[in-house]
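Structures are listed in the sections that come next.
Two complexes are shown next, each including chain A; its partner changes from chain B in the first to chain C in the second.
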Partner chain A sequence: MNRVFKKILPGTMLGLGIMFWGASAQAYKVFVSNEKDNTISVIDSDSFKVIKTVEVGQRPRGIILSKDKRYLYICASDDDHVEVMDTETYKIIDTLPSGPDPELFILHPDGVRLYIANEDDNMVTVVNVNTGQVLVEIPVGVEPEGMAVSPDGKTIVNTSETTNMAHFIDTETLEITDNVLVDSRPRFAEYTDDGKFIWVSSEVGGTVSVISNKTRKVVRKITFHVPGVRNEALQPVGVRVTHDLKTAFIALGPANRVAVVDTQTFEVKKYLLVGQRVWQLAFDAEEKYLYTSNGVSNDISVIDVEDLKVIKSIAVGRYPWGLAIK
Partner chain B sequence: MGIRHLWFTNRRLPALTLKSQSSKVPKSQRDRAGRAGSFGTLLLWNFALFFLALWIGLLAHPALGLSGSPTDKNWPCVQRKVPEISPGMIWVGPPFDELAGKWLKDAEVAMLVEAISSRRTPLEEGKRQVVEFAQQLGSGRDHRLTLVASGMLETINLERNRIIGKIEKFTVAQRKLGDRMETLELKLRAFPRKMNAEQQEEYDDLFSKRNWFKRAFEQREQSLSYICEQPVLLGQRAFAMGRELMQHLEVKTNP
Partner chain C sequence: MKKIIVLVLSGILFSGVNSCWAVKKKQTPEQVKIVYLTLLEKSRPKLSNLDLPIVNEGIQGGEIGIRDTNGTGRFMNQEFSLQTIKIPYNGDVIGTFRKLQKEGIQLFILNIPSRKLLELADLPEAKESLLFNVGATADRLRYQDCRTNILHILPSAAMQADALAQFLISKRWKKWFLVIGRREEDRLYAAAMRRAAKRFGGKIVAEKIWEYGPDARRTAQAEVPVFTQSVDYDVLLVADVIGEFGEYLMYRTWEPKVIAGTQGLVPTSWHRTHEQWGAVQMQSRFLKTYGRMMTPLDYSVWSAVRAIGEGATRTRSVKFRNIRNYIQGEKFVLAAYKGQKLTFRKWNGQLRQPILLTAARALVSVSPQRQFLHQFSQMDTLGYDRPEVKCEMQ
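This part shows the complex of A and B:
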């Protein structure tokens, strides 16, 4: 018996080791900015529980991770700067200039250039995250907000809420090459992973425009209809498209729903009830789960991407806004 | 600052330019030197701000398609005006069609509706009562849970409508107060630099009235953030209770 035990023990230990290694390799953290509490909540993906709440600058909104995921950049909108948080120690280790009222930003694939939308002065500020220097300020439309970067890093798309346009900016010449008119109050832009299309949500227009990167024209406009919900409550904001380019998820704001769209037919397959005033969305690395920030119910919903079911709601701080996953 | 607050900002400007709120201000401190000039400049600024606010207001008007936010002039809150919570915003269970008012005929359901819709019941206590109710349900479980949800939403929407109406009345009253304050302000500024005793007395009287209106205006303004929160809190309640009720449905649907 003892001999048998000795024989199977190494194999068992190895198996258990691999199992635990595999499990821990899949674990990750979800960072959530809480606009009203001036905090960042950190959620552990294994337990779906908040493991840390970090005090940060005033009115944190857009958040994004550095390329190596070591740092979290935080738009502290009312402090008019970007804060840099160490994602291991949870300490704010630096601040970066941002221009006034930074709301959303995007990190260039080079990991160095941070493009920040300044809602109050109609500019996109470009900051070098390594040196902390403002490289340039690019004038855009009125109330810039949504920011997206093409996978090849050659183009930045910025949406301006009042001008109702998506501005295409060449990252080399820093000039606007195209302006594409979309519906009222465009809030968010998202490039598909193949770089062929840009999805732009219009909060007041209640639509999502799909723009061809090649022709810079709107090729499709998606509208929404949820039984039992007034049309004016259907206000699309956050958009995410899966890596396989088959499905898009669109947060519908005060309708408290996330629309699931077939990207081949552009038909809405499902409307998932999540939390109140669903705002931003973020996939985990494997796209097993989609997280949604719900600004009024003060929680995060977790959607099982394959089953298209809401499996969990996690209470965080007040007015959760931005999401980033490490 | 939201567009809706521009009106208040604009109206407050003249009041803030006065040097003191006291009605017993010594004459020496009532520096009226250059009043005519500063008043002219102030008036110009007021007109400029008024037209700027008007322009922004027009731009933001939903009819022009530039903003869907309800920029109605009687809505002073930063929070968007959501006139009604539709069933689909909180519920993916059986439809509420033709259930309006029927919850009142089921005494047990009616009691639960009253409890969980009331702002006096803490959310956690409301959820506990839903759990207790659901645990004793047998056949017709989903129908009775839907009745509760429908009644709860009906009750909360009624209460929200009442509060929204009050907020709008508040805004109208505040605007009237602002108008009266501005009228007095203009009268005060029309006084000559050197006044006789009668004029001085009249000035002091107007000054005192103007300060009273200013205090009332400011005190009411301070309560604005609290009252504006109330429709949001009721919305949170409707959503939280709807979510709890759905947990206990036998048949879960998602359109």
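This part shows the complex of A and C:
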């Protein structure tokens, strides 16, 4: 508690948190990391315009908000650390150790433990965000990337791109309990809100595996087909499942589409045309809009979740990568 | 052979006991043994002081491939190992192969010339082997002399030429002046360029053999202007595989022209400028480990090891037949930092792959170019396509 949080009294912090939360019930901010620009773009949800561009460390990729949404954690991959940005002042107020080449990370529901995938080092590094201490390093497969945490906080799932596996890590014992083989180059993992399933996308394999948390087996594999788009271009990356568990959205990379999947039938209902090489996805708090980062066209697409229509594209920096919504 | 059988048997026993392969207890892992066999070349003339000699080219690509593959193997109770055999340029490839065969090796990664490769593939004892070609670019192996036990990891000369041709045509630089070196491999490269011209609508307006000797460093400024005078062309295409003169054409032509081929804008499977699609991870992993950049040969050996790894991982077996059938089957997919899945052409065993077009310090483009369409796979616009192939693999 003596690094970031020392600067503000916990009580005040809580008050501020509530105040900001209240103020942002309608208008909110979308943070976008621009991998090649070394910046974070801040988008205002009312105007869909970039209101601020913040210079950060080298090669920012994964970004995530603190539990109270006061701070944005940024994987500065080429600086080998995580930066902490104040989401009101846009100042980098601290850095956290991360292990080499941090790419993606996930914050434990306790708001304290940050699980970081070290892509160059075949490790998952666990950091206490309050003390800035590395708690442990867990060896995993080659080129770890995707990170997911179960809603009960008991399990972390990490995917490793070259090992082609989803590793299940017990957050108490810090041991790998299960290794589930999926198709080539797994990029992203997402727990459903009920904690029952994990969706893992395989970029080169071109599939999304749905893994049961109970049996730790692949129960369903989703494939894609878009008329006029060559098979090799269908490369699933980012995945988000709605809170009501009914619909999943899957970013299809260079196919420039987001697939909308019915989670009951596992059928693709619709393909939405977005920007080029769509990477990551993020819902706003009410799930009214889904934002997509498009790595080649350097913009963000906004999808109306109810109408399933793309309503806006917003130009940001070069190679927009991660998304976080306050 | 006996050793392998024992290991396989014990593997089956183990997997019977532990049918859930989430390995929790330590067991003796099942072994997959691979041999990388490389025929050393006669030493070449030293033509540049810039490139430090690489001692373990290819070998280190294989080593890192083993490390990556054991990343998966460790969780699946499989262990992969690579034995490297260097044979002197006049050494006995066939004898060495036979000896290794007797020891039970069936998976070979071969960096040997095409003639030797065929000789080896046709041995009766090679029938139950899988040979991964990482050294021979000859197109003949892909359209006429195909073998069911050979898989070509590296792109053929035609694939490279087609990749470059597509780019030049898309730029509408259609008039090509072909300069050919004095060596056999230069002639093969030139032949592939001629074929590519015909295929994509390029026109070879002039063809000349470079006859000014093997090292152009001190003489190029005087010779190249005269050599390239009074020809109306867009691109000077060079076929100089070992780099005797190609580097010295640039900036010295009579008119200001683009240079491409073995020098200038170069088609290749791997290059230090490549950083897309996760390649940056591979590059930095390699550099950190060996203190040098990965070369196309390293990349080919790495890919071959990874292909074998896929065969063992996906079938959850270390049996040769299972690995081979998987690699040659419909489901095989290789992730190799090219932005899409790589697969084998069933009709000649060639690995489909995008080809990089690169300058010395910047990647220029990646072929196939999008405007060249194909009814099955766009990657099949590069190299010999099914209707052009005379051999039958099945």
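Convention: the second predicted complex is superposed on the first by the 302 of 326 C-alpha atoms of A that agree within 3 Å, B and C clash if a C-alpha of one lies under 4 Å from a C-alpha of the other, contacts with A are read in each partner's own complex, and residues count from 1 in each chain.
By our rule, a contact is a pair of C-beta atoms (placed from the backbone, for glycine too) under 8 Å apart; a residue touches a chain by one contact, two chains touch by 3 or more.
A quick note: this is a predicted structure, and the numbers were derived from the prediction, not measured.
Superposition of the two structures on chain A shows chain C clashing with chain B. By the touch criterion defined above, A:S160 lies against chain C but remains apart from chain B after alignment on the C-alpha atoms of chain A. By the touch criterion defined above, A:A255 reaches chain B but does not reach chain C.
Once the two complexes are overlaid on the shared chain, A:L272 sits against chain B while remaining clear of chain C. By the touch criterion stated above, A:E119 is placed in contact with chain C alone, chain B being left untouched.
Contacts of A:R185 after superposition on the shared chain: both chain B and chain C are touched. In the superposition on chain A, A:V296 makes contact with chain B only, while chain C stays out of contact range. Legend: residue contacts after superposition of the two complexes on their common chain; A:G141 is shown touching chain C, with no touch to chain B.
Residue contacts after overlaying the shared chain place A:D37 against neither chain B nor chain C.
Contacts of A:R230 after superposition on the shared chain: both chain B and chain C are touched. With chain A used to align the two structures, chain C clashes with chain B at 220-228, while the other stretches in 94-102, 130-138 or 220-228 stay clear. Across the superposed pair, chain B and chain C both touch chain A at residues 162, 164, 184-185, 203-206, 230, 232-233, 235, 254.
Those residues of chain A whose C-beta lies close enough to touch chain B in the complex are 162, 164, 184-185, 203-206, 226-230, 232-233, 235, 254-257, 270-273, 275-276, 296-297, 309, 313. Within the complex, the chain A residues that touch chain C are 101, 119-120, 122, 141-143, 160-165, 167, 176-179, 181, 183-185, 203-206, 216, 230-233, 235, 254.
Within the complex, the chain B residues that touch chain A are 59, 62, 65-69, 80, 82, 84, 86-92, 95-96, 232, 235-236, 239-240, 243, 254-255. Per the touch definition, chain C reaches chain A in the complex via residues 22-24, 67-68, 71-72, 75-76, 278, 281, 284-285, 288, 310, 313-314, 333-335, 339-341, 377-379.
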